[in-house]
Structures are given as structure tokens and as C-alpha cells.
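All chains are identified by letter, namely A, B, C, D and E, in their written order; residue positions are counted from 1 within each chain.
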Amino acid sequence: MIRRNLPFAAVAVIVLVVAPLLLEPFRLSLLAKYLCYAIVALGIGLAWGQAGMLTLGQGVFFGLGGYSMAMHLKLTEGGGLPDFMVWSGVEELPALWVPFGDPVLALATAVLGPMLIAAVLGTLVFRQRVRGAYFAILTQALAAAMVILLVGQQGLTGGTNGMTNFFDVFGQDLADDSTQRGLYLVVASVLGVLYLATRQLVNSRYGRLLVAIRDGEDRVRFLGYDPALVKTVTFALSAGMAGLAGALFVPVVGIISPALLGVVPSLELVVAVAVGGRHALAGAVLGAVVMGYAQTAFSEQFADGWLYLQGALFILVMTLAPKGIIGVAERWRRARTT
Amino acid sequence: MSAFANQLPIGLSIGAVLLLIALGLTFTFGQMGVINMAHGEFIMAGAYTAFLLGDLVPALPAAFLVAGTMGLILERAAIRHFYGRPLDTLLLTWGVSLVLQQLARDLFGAPNVQVPAPAWLSGGVGILPYNRLFIMGLAVAGVVAVWAYLTRTRLGRRTQAVVQNRRLAATSGIDTGRVDMLTFFVGSGLAGVAGVALTLIGPVGPALGTYYIVDAFLVVVAGGLGQLRGAVLAAAGLGLLNSYAEFWSDASLAKVIVLAAVIAFLQVRPQGMFVLRSRALT
Amino acid sequence: MLSVTGLESGYGRARVLFGVSLEVGAGQLVCVMGRNGVGKTTLLNTVMGVLPAVAGTVTFDGRDVTKLKPHERVRLGMGYVPQGHRCFPQLSVQDNLLVTLEAAKQPKQALDEALDLFPALKPLLKRSAGHLSGGQQQQLAMARALVTRPRMLVLDEPTEGIQPSIILEIEAAIERLHADGLPLLLVEQYLDIALRLADTFAILDGGHVVRTGTAQDLHREDVRRLLAV
Amino acid sequence: GSDARPAGDSGDIKVGILHSLSGTMAISEVTVRDAELLAIEEINKAGGVLGKQLVPVVEDGASDWPTFAEKATKLIRQDKVATVFGGWTSASRKAMLPVFERYKALLWYPVQYEGLESSPYIFYTGATTNQQIIPGLDYLKEQGKKRLFLVGSDYVFPRTANKIIKAYAAANGMEILGEEYTPLGHTEYSTLVNKVTQARPDAVFNTLNGDSNVAFFKALKSTGATAESMPVLSVSIAEEEVTGIGVDNVVGQPVAWNYYQTTDTSANKAFVKAYKARYGQDKVTSDPMEAGYNAVYLWAEAVKKAGTTEVEAVRKAAGGIALERPEGLVTIDGESQHLYKTARIGIVQPDGLIKQVWDSGEPIKPDPYLKGYPWAAGLAGQ
Amino acid sequence: MLELRDVQVVFDGFRALDGVNLTVPDGELRFLIGPNGAGKTTLIDVITGLTRPVAGSVRFAGHDLVGRKEHQIVRLGVGRTFQTSVVFEELTVIENLDLAAGFRRPLWTLARRRRGVSEAVAEALARTGLEDLAERSAGVLSHGQRQWLEIGMLLAQRPRLLLLDEPVAGMSKDERERTGELLTRIADDHTVVVVEHDMEFLRRHASTVTVLHEGRVLVEGSVDQVSADPRVQEVYLGRKASDAVGHRP
């Protein structure tokens, strides 16, 4: 028990204590952003790595969470209508917006909204045994549709611009470095708690069931389980994580826009999970942080080459290390011990 | 003709474009199970081939060869390590597509380039311009060629055998490596041909492929994996739906309606329009 | 005809075969036997090139084929019927046979010859192979190996899941092929069939050949014990 | 960032340049970056600012709005640049705005936009609506085009522009026959063109952005329409875009800007010459490039006047600065932090360049909230 | 009690089952034989919900099974094995068995880690002789070992009705013997239907045999009755049936 939790505890200390002490505020909030992505990645690791559902639409849930939080922040900043409504010609606060004034309702929507949508979608498609590539492409189409919808409803959503220009979160001034540090700690703790919970789930019987469904969904029916139900629950859980991540992302980064939840960002997250190693939850988390960091670092060094690097890195990992960074690390450790 | 009636041929011509871009996928995705996200970039390669040659007709075979060769290289260099792991190919080829886009940007520059449409394609019949009719003709020719290849040639049969049971195919004397190469060559080559056609109607630039890739996969999914007639019907259906939905609402909503329709359709036919049923459990 | 020496192979890091040597002479029928999981299928798969040999050699007809791909071995004349009713499920029965025949570059009449040995397939030619019953698929698998006009046949439990009368037919077919001088390497669980068909046998245990001998030796008590659980 | 020189040299002034160097917007924004770098080189060659050399720190916004915000933060907080030149899409500007306001730093934004904005920490060197959209409408009205069809990409600039156009039309006896939006990157225009054709407008007002223009003009041309039978006034097609669309498809069509490569001023001759010498003879110059180029000079002028790069001092000094630029005289309106600019209508020529056919005669006072236009009362933001 | 009435199954116009009537009382060990392609597997598919009949009824212990989903039928106590065994290769043998034993567990207890070996799993392990392989992943099992694991998974489910599709195919003689004894013992308090082609196995363990042919029940009776039936000899056993297949050592 202690041995197994040792690496986790070490990482937790570094993330929670060392990083805030060493990193300047700008870098710390970048790290907070990567950790938000890591929460989404954790959900993808669960849905894809464990249960075999390749979801290319996780951005949709991330976005729902982000928009819920953004709406709340816009409503609490005072001074009447949100800025984008003013220049979009909206004169009265739309009814849809009203509940988001309440912080509890807004947070609940950020998490439960995505779960509900995932549950409905999951029930529809899994019951009909839509799976594998079909599911992947459907969720990708969902992401595409979601972006178009958001962009088209400019008065309600801020259109392509999305929402930005937030001033404070739950009474704390967002421009303040201490608020940013606080947000960082919140994100890191949420990630830690979710990681432990998900790991518990994956190691439980439920986790074994997920693997069984991934490898032989039809056979599982003859063991008396309803794979559609199990998959729907799992999909909803991963959607909830993405939603929560989105809600945390908005105060950390200060913007939510359709560009953050379309086909490409959704795919990028899946890619990050693959690079980290999808079969292990730690790999998913690691992948998100590494890819996030790499993106920042590369684009600061040589912007034009980033696409080459991202593509090449990815091709190399997929062909040479299909189990990702974690897989390489495991192999290396095994080689050393034997 | 009334605007409403006009939308019928328009819908069919949209369908022809969809079919043309999806045709190659019936090979690489439908036959081989490879979700090739770089398909869009092979389309792009075809379009740039037309740009380099400056003439549409010789560009058709040339683009087939260029895109086909690119596909062949991709297959040999990477994809062959991934058979039986379709979801992994999706991610791998996405990486490839990023690299190809950047490569196009470096080779041809970020701005769009222009491929002159041949003079004989100006004008039209009724609402349909000749360039649209040309694309429809090309789509029909493509379908016939693919159908003949798959059902009338030994290679087609061999392709299916390899897809259905790779190991058994090898122990039945089939050189699976060659079949894979060839199938991928043809599928990618078809993308190249589609790219040439697209120069008639859209921008030719590094992002060309990204505009079409989601639609192409939707056609294949709605039609049923590897089902040629399914792809034809799905393309026509989606084209018409798109045309009328946009006519009654707008382009954004039409896209959403089409996507919703595909999801709804899969509720009724989860494996697409046509399915090959197998007794085996997954 | 076929000679296997010091063959080692396995899956990833797990070794299954440890230095297996085996000889199938011209026109000989050799039966490989052994309990479940001793490595019979692994042996045949390595002989056919489906699994790479970690060590040792496989020679066919005087030629070292150890490094050849499976389809190259088939084209040299090694026919294979793998274990467990394998087929191309979405091709018709006819196309299953045709695609194999074409790959081996044999004339069409090889197909008729194969169907003569398995007449039960004739009414099924247009059906999708994946829809056939298990036994029907097994017969198809045998026929598919035959249309390549092999110079040697490698069979992995060909009677598994087959109705008694057809087992008799398969046995008769094997006997006929054997009588025609075709060398065969056979894995068979039914001792009586092995007894009737085999010239010699080899018993595998834990990845080693632990006994070889003539068919008569199979009656011996120590041999029997090797096959018991 | 890719510093031209080792940073921290106290004899230097670091300035940020933040445009999309990758992604869909790179096509446009790279040219603006080049123009801005050219201006910096020229200024440095002439002795720099306050006796110091300018050192550009270039970052990539990657066509992604949150990235713009992130990189802006990095330039301000980590690189501590004196000012930033950057952005193209309104979305990127909106994303950067809170960052500049929060850290009280300066952004120079070089592209025409939809107005209804005025941040104390942004200087707008492109046109606002009364310097491009409204002159464009004036031109159409003069030409007797009374029945318009509005086609635009689905985002804030076209939607706001069209709102203004509709108010203008209502006040000027013009008729709007249709208003259609397509997603950015849309490439299938047969249905839209069918709608346009069926409506038989006198002219189309086109606020499509980027690649969609290619597909739209190809579809329009393939129905047999020409610039005579169906004039399309565009506000987002400059010299750079014409080649990609294919000159054949847009020849003879009107566009509205403040500057063309052919604009006849001596400053422009020098600019075009310097640009081509620096980046290649086949390169063209365009309105946003010129606006970016101007931005650097205007900022340098303000710094000289203020005697410091300190933001509040520069802001105060900037008001009233007037310079002869390639597009003619521009003056900073200290109140709105926009420029007085001359509006110009041009026609696309067979050689791909744009020839001016109309101009506003004198620089127009920027009016981002259209307060000076009675018919615009009640438009959003007032 | 399992009761099929006039069950018909059609695949693309082909009648795989053409009016099957079958009654298997509680506690009986029923053998089902018939030529390859007679419809035996299809019959099991119909009972377990994998294939939907176009006509007819399937009742088990008072429940109508037609139209129910696969997992619901399992939950009524109907378990099966597959002719070509399907096991979860990435899970260990124990995990495979534990999964099979677990469907009755309340959903939330699934979220707990498995500790130790439950009684049902231990028993299945012992009966199938897979103890030594318990911690190996199922992917490394040989063909015959997989067959055993399938049977083990069926046992771990503790169903009331067991349907086994050629359970001893690919097993050696001693293993067949062990399987036969196991089935006989289970049939004491369960209903068991076994599809097999091995006549020797039948002879040793079967009491009642139903012969299926071309989608219909041809005859039903004791092993001796059935194998003496000329029609059965004609379509199934082959002419020399008695002296050929009967004499397996």
C-alpha cells in the first residue's frame, strides 16, 4: 500500500509545495492550465484506455463546463449585461443565463450538464451497439457541430470570440497573483483527488469489467452484464471530469472560446493521452502535462516548426513506443530489475 | 426553375463531392480498417499536383500517382505496424496530416494558390455549371472503377481476404504486404483525384484537407463500412439534406442538422446503411 | 521432405518450444500429439512461418525456409490448415477457395478436385463463409489448403467439431492423400485416428519432443501416460 | 521568443510582436509581422528610438485566441516589452484586451474591425466601421445599387458590419434582400449562390473571411456571373488574397480599404520598394500590412515625444501625432486611440493589383461607436 | 424446465431452424447432436438471445425468453459456452472467472477491489483444473485451456440452465472423461444441454439425445436408440459408424 502510493505522494509534494515556491506566477498559471488538461486526460484515460471508447468529442464537455463557469463569472462581475451581449445587440439577459448567477447551480451545471449529455448520447449509441471507429467519428462530428452552434449563437455565447475579460472569481481578484496561486492549488488538488478515485475504480472489479468490455463487449453480455449501461456510466464520468476541468480552466486562463473545444483540441488531448500511455492513468495525466509544456516551449523557441515537431513526435511515439512514455518507463524499469 | 427545384441538382452535386472525397476511404477505412486522418492531405496533394501542372486533365492521373505514392510510403513506413488497431491509426495519421500540412506550407507558401479552370468547363446546363457536372461524372466513374476493382478482380478479392483474416491470408499463400501496399495506394490515389476535382470549387491551400475530412468520414459511417452502395446512397442523402437544410435555414444550421441526422440514422442502423453481418462475437 | 531441427519459438518473452527436432520423410504421415497447451499449435505455426523461429531451422524439400514468409512457404508447396475453423468470413465459400487458388497460382480445376474431396461444400458455394456452421467451416479450411495443390500438408486438429460421418470422410481423404504420396504433418487428439493414419508419431510435452516412434508404439503404456492429464 | 539579440542589454528596447505564425490565420498575419519587422529595422537603421535600438520579441498566436492571451502575458510579464504589435482577428484582440488592461501595457492592433470598442491600452491603426463599411455603402449608393444581399462569415465582425449596413440601408432607402452567414472555412457555396441569384440583388456586400472567399467567388463565377452583372463589394479581400482566389474570379470587383499597393504617395513608393527589396520582388503589400508598418512608426513617434517608453506617458503623448504614411496623412485621435484615415474604393485589376476608383478626399475622423451618425443611434453599444 | 415450441430462424431466406420443438426437464443432462450445419449452435443462440426467432416461443422456468436482451437472459440463470471459445485475453484466468461470478453483485460493490478468491471462483478453478494457471493472463492459454476456462466461467456464473457448445472439442481423452463426469455431477441439480459430435463421449455420459437435422428434430431417445436409427446413420454417423467412431481407445 505504502510502496504503491510512494510515487504518488512524491509527485503530490512536488506539485503542491515545490512548484508554487519555485515558479513565477506566469509559469505557475501555465502549469495550472496543463493540469486542467490533465483532468480531461484522466477522463479520456478512463473511457479510452480502460474501456476502449475513443472519444474525440471531449472538448464538448470541457466547453460546457467552461461556458457554465464563464457565464457565472460574467454575471457576477456586476455592471449589467455581459460586454459581448452589448456589442451583439442583446438588450436583455437571456432566460438561459439567469440560473448561472448562482455559483452552486453554475458549478453543478458545469459537471452534471456534461454528464447528462454524455449519458443521453451514450444511452442512444451504446444501446444500438455503435462502437469503435463509429463512436470515434460520431463524437468528432459532435465536436464539430457544437462549435458551429456556439459560433452561430453570438448573442448567447459570444460567438467565435467566446467569453473573456473576467475580473474576479468568488470574490477574489483575478489579476492578483495570490488568486492565481490559489487557483493553481485548487486545480492540483482536484486532479489529485480525481486521480486517486479513478485509480481506485480502475483497480476494482469495475475496472476489470471495463477491460472485458473493451476486448469483448458481446461476450460480456453473456456474463450477465449490460455493456451499454457500464459504458454509458463510464462515458458520463469522463464527461463530468472534462466539464469540471473546463470550469477550472476559465478562471485560470481567463477565456473560453469555441476554438478550445472543437475537433482539433479534442484530438490533441487524445493524442496527449496516447503519448503519455493510455493503458495507465498516470500516463494520461503525464501526457497532458508533457504535451502542454512541449507546446508552450516549442512555440516560444521556433513557432513555425511546432507542427513538424508535434507531428513527428507523435508518429515516433506511436510507432516506436505504442505504450507511450509510461510504457517506455515501465520497460526500462523491468529491464533494470531483471 | 424555382429556387426550390434548383436545390435538387445542387444537392446531388454536393453529394458527388462528398462521394468523391469518401471514395478513397472505402478502401483505406472500409477495406483495411485504417482511419486515415491524412486522407485530407492526400486530397490536398492532388490539388497541388493540379496546381503544378496547371492543367486539369493530365492532373487526374498524375494526382492519382502522387497521392497514391504518398499513401504507399505511409503504409510501408508506419501503418503496417498498426493493422488490427484501427483507433491507433487514427492518431498516427493525424500526426502525419499535421506534418504534411506544414510541409505544404513550406513548399507552396501559406497563401492559397490558384488552379485555372479549363475554358471548356465554363458555362453550364440549367442551374448546374459544367464544373459541377464534371465532378458528378468523375464520381460516377470512380464508383464504377472501385466496384469493378473490388468485385471483378482478383486483387479485390485478395484485399478482402487480407482484411478479414490477415494471418490466414498469409498461410493461404497471399503476400499480405503487397496487398496492403496496393490497397493503400489505390485508396490514397483516389483522394488525389478528388483533390484535382476540388480545385474547381474551393480554395487550394495547406488547410484544404481539414475542410473535408470530417464530412468524408461521415459518409463512410452512414453508408456502412466498406459498402460502396452505402457510400453512394449516403453521399447523395447527405448532399440533398445539406442542400435543403441550408436552403431553409443557413449554412451553419445545415451542418448541425446533417450531423444530427447521422446520429439519428445510426440509431436506426447502427452499422450504417448496409452491413456485413458476421456470426463472430467481437 | 520436411525437416525441423532444434526449433525454438514462443510468444514475446515466453518461450514455448525448446529445441524441437522432427522429420517428415517423403510420402510420410507424422502425427504430433500431446496434451493441451504443450505447444503443438506453436510448433506448426513456427513451421509455417506464422511465428518466427528464435533458433533452429526448418527445411522443406531440401531448402532452408526458416526465414521465409508464410506465403512464400505456401507457394513452395506447404499447405496449412490452422486450428479452429478459420475462414474469410465475409467472402463466399467459392471466393474463399478462389482467392487461395489464385494466390498459389493454380488452375481452376484444383478447385473441383478439392470439392470432390468435400462434396458437402458444393451446395454452400455462394454462402458467406462466416455464416457456415463450425463443421462446415472446417471442411472449407481443408478444401482451401488443397486448392493450392500442396506438396505437403500441415493439419492442426482437422477433425475437431466435425460430425462423425464427415470425420470418416476427412480421415478417408487424408488416407487417400497419404496413399497418393503426399507427406503430412498432423496434430490429432483422437488416438484411434492417429493410430490408423500415422506412419510415425512425436509426442510433445512442455515444448520438448519426449517420444517418437511408429504408430504401433502408441499402444505402449508409457506412451499412453504421456498423453494423460 | 526568438530575440534578435541577447536580451537584457540596457541599451535596447524590447518590443513584442504577436501574430499567428501557424494555423489558419498565418496566411495573413505573417505578412503583417514582416511589415512590422521592416519598420523596426528601418527605425533602428535611422538611429533607433531615444538613442536605443528596438529588439523585437516575436511570438506565435497560433490562430488560437487563448494562445494570444497567454503569449501577451508572457511578453508583458516575462519579457517586459515596452509595447506589443499584434493580432488580426477581432477574437484575438478581444482575448488580449483584458491582459493589456490588467497589466497596463500597450497593444497596437493593425486590422480593420467592427468598432464598438475603445480600450485605453489599445491603439487601433486599422479602419473602424465609419472608415470602411460606411464609405463602401456610400460608394454603392452612388453607383445606384439599392438592393443588397449580405454574405458573411459567422463571427463578430461580419455580424456587426451587417447590423450597421442594415441601419444604413433603412436610412438611405436601400433594400436588404438577404443576409447569410457561413462558418469560417466553409467551402460549399452552391446553395448560397443559388439564394443570391434567385434574389437578384444589385450588389452583394461581402464580409466573408479567408478561404471561404475562394469557394464563394468560384461558385459565383461558375453560374456565369461577372463583376458587371453581379458586383460584390468585399471588405476582407486585399492584394494578398486576390491570387489565391484566382484573379479571373474576382477581376473587376470592388473592394473597400484605406490603402492599396498602388496608392499614389511618395511614402508608399518607398514602402513598396523597401518591402520588396527585403522580402522579394513578387511580394505584394496590403492594407493590414501597411497599418502594422504604421503602428511601429506611430509608437516610436509617441515615445520620442514622451521621452520615455513608460506606458501612461506614451499614451498621453500619442494623441494628436500626425504622420505622412503610405496611405497619406494619419493622425492619432487621442480620445478613441483610433486613427484619422482616408477611405478608398478600389477595383481588382487583371494583374491582381487593386486600382483606386474613389476616395473620401480627406482623412475621416474615427467614430468606433458611430456617434456621429443619427441613423446608427440604437445600434448596440450606445 | 426449458421448452421450445415451433422455433423458426431464417437468415437471408435460409431456414436455419424450421420449427423446433424441444423440452428439457429440470435436472436432465440432454445431448444435442446432428450434422454440421443442422442448427445446433443456432438453437443455443436463440435460447440465449443472440439470435431472434421469426416464430415460436422459448420458455425457461416460467419466463418467456424471446425478445429479452442477452444479459437479462443470463440473469434469469441461463449460461452458455461458445463453440470457439471467447475469453478476455488481457485479464487473468482468475479475473475472467471473477467477472463471470460477479453479475449478481450490486453495482456499487463493483467499485471495490477484488480481494481473495470467492467461493464460486475457487470451485470453478478446482473443477477445471486451472489452479496452476490462475494468475496467468488468458491470452497465453492454449486452445484446450481456453475451452476449460470457458467451462469454468460458465460454472462460476452458477446458472440453472447450462448450454455447452462442443465443450470437449480439442480435448484429450482424459480431459473428455473429466468433463463428462463434471457435467453428470452438475446435472444433478441443473438443467444441462450439451452439443457434441464425439459419440464415444455421448455413449459414456448421455441418457437422452436429441438429433437435429436441417433445422428440425429428427429423433429423440437414448444413445442406443438414436444410433440405431437408420436416418441418423444416414445423415450423421455414416455407414460404418458403429465400428469406426465407437472404438476410441
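Following the convention adopted for this analysis, a contact is a pair of C-beta atoms (placed from the backbone, for glycine too) under 8 Å apart; a residue touches a chain by one contact, two chains touch by 3 or more.
Please read all numbers here as calculations on a predicted model, not as lab measurements.
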{"item": "Shortest contact path, chain A to chain B, counted in steps", "value": "1"}
{"item": "Common touching chains of chain E and chain B", "value": "A, C"}
{"item": "Most distant chain from chain A by Cα centroid", "value": "C"}
{"item": "Most remote chain, CA-based centroid, reference being chain B", "value": "E"}
{"item": "Inter-centroid spacing, chain D versus chain B (mean Cα positions, whole Å)", "value": "37"}
{"item": "Chain centre separation (chain A, chain C; CA means) in Å", "value": "52"}
{"item": "Rounded Å distance between chain C and chain D, as computed from the means of their C-alpha atoms", "value": "75"}
{"item": "Centroid spacing, where centroids are CA-atom means, of chain B and chain C in whole angstrom", "value": "42"}
{"item": "For chain A, residues contacting two or more additional chains", "value": "148, 151-152, 216, 218-219, 304, 307"}
{"item": "Residues of chain B touching at least two other chains", "value": "102, 250, 252, 255, 281"}
{"item": "Junction residues of chain E - those touching two or more other chains", "value": "82, 86"}
{"item": "Residues of chain E that touch chain A when the two form their complex", "value": "48, 69-71, 74-75, 79-80, 82, 86-91, 95-96, 98-100, 102-105, 109-114, 153, 157"}
{"item": "Of all residues in chain A, those that touch chain E in their complex", "value": "200-201, 203-206, 208-209, 211-212, 215-216, 218-227"}
{"item": "Residues of chain A that touch chain B when the two form their complex", "value": "48, 54, 121, 124-125, 128-134, 136-138, 140-142, 144-145, 148-149, 151-152, 216-219, 263, 267, 270-271, 274, 304-305, 307-308, 310-315, 318-319, 322"}
{"item": "Chain C partner contacts - residues on chain B that touch it in the complex", "value": "154, 157-158, 160-161, 164-165, 167-177, 276, 278-280"}
{"item": "Complex contacts: residues of chain D adjacent to chain A", "value": "1-2, 21-22, 58-60, 62, 64-67, 69-71, 73-74, 77-78, 89-91, 94-95, 97-99, 102, 114, 116-117, 154-156, 159-160, 163, 181, 183-184, 379-381"}
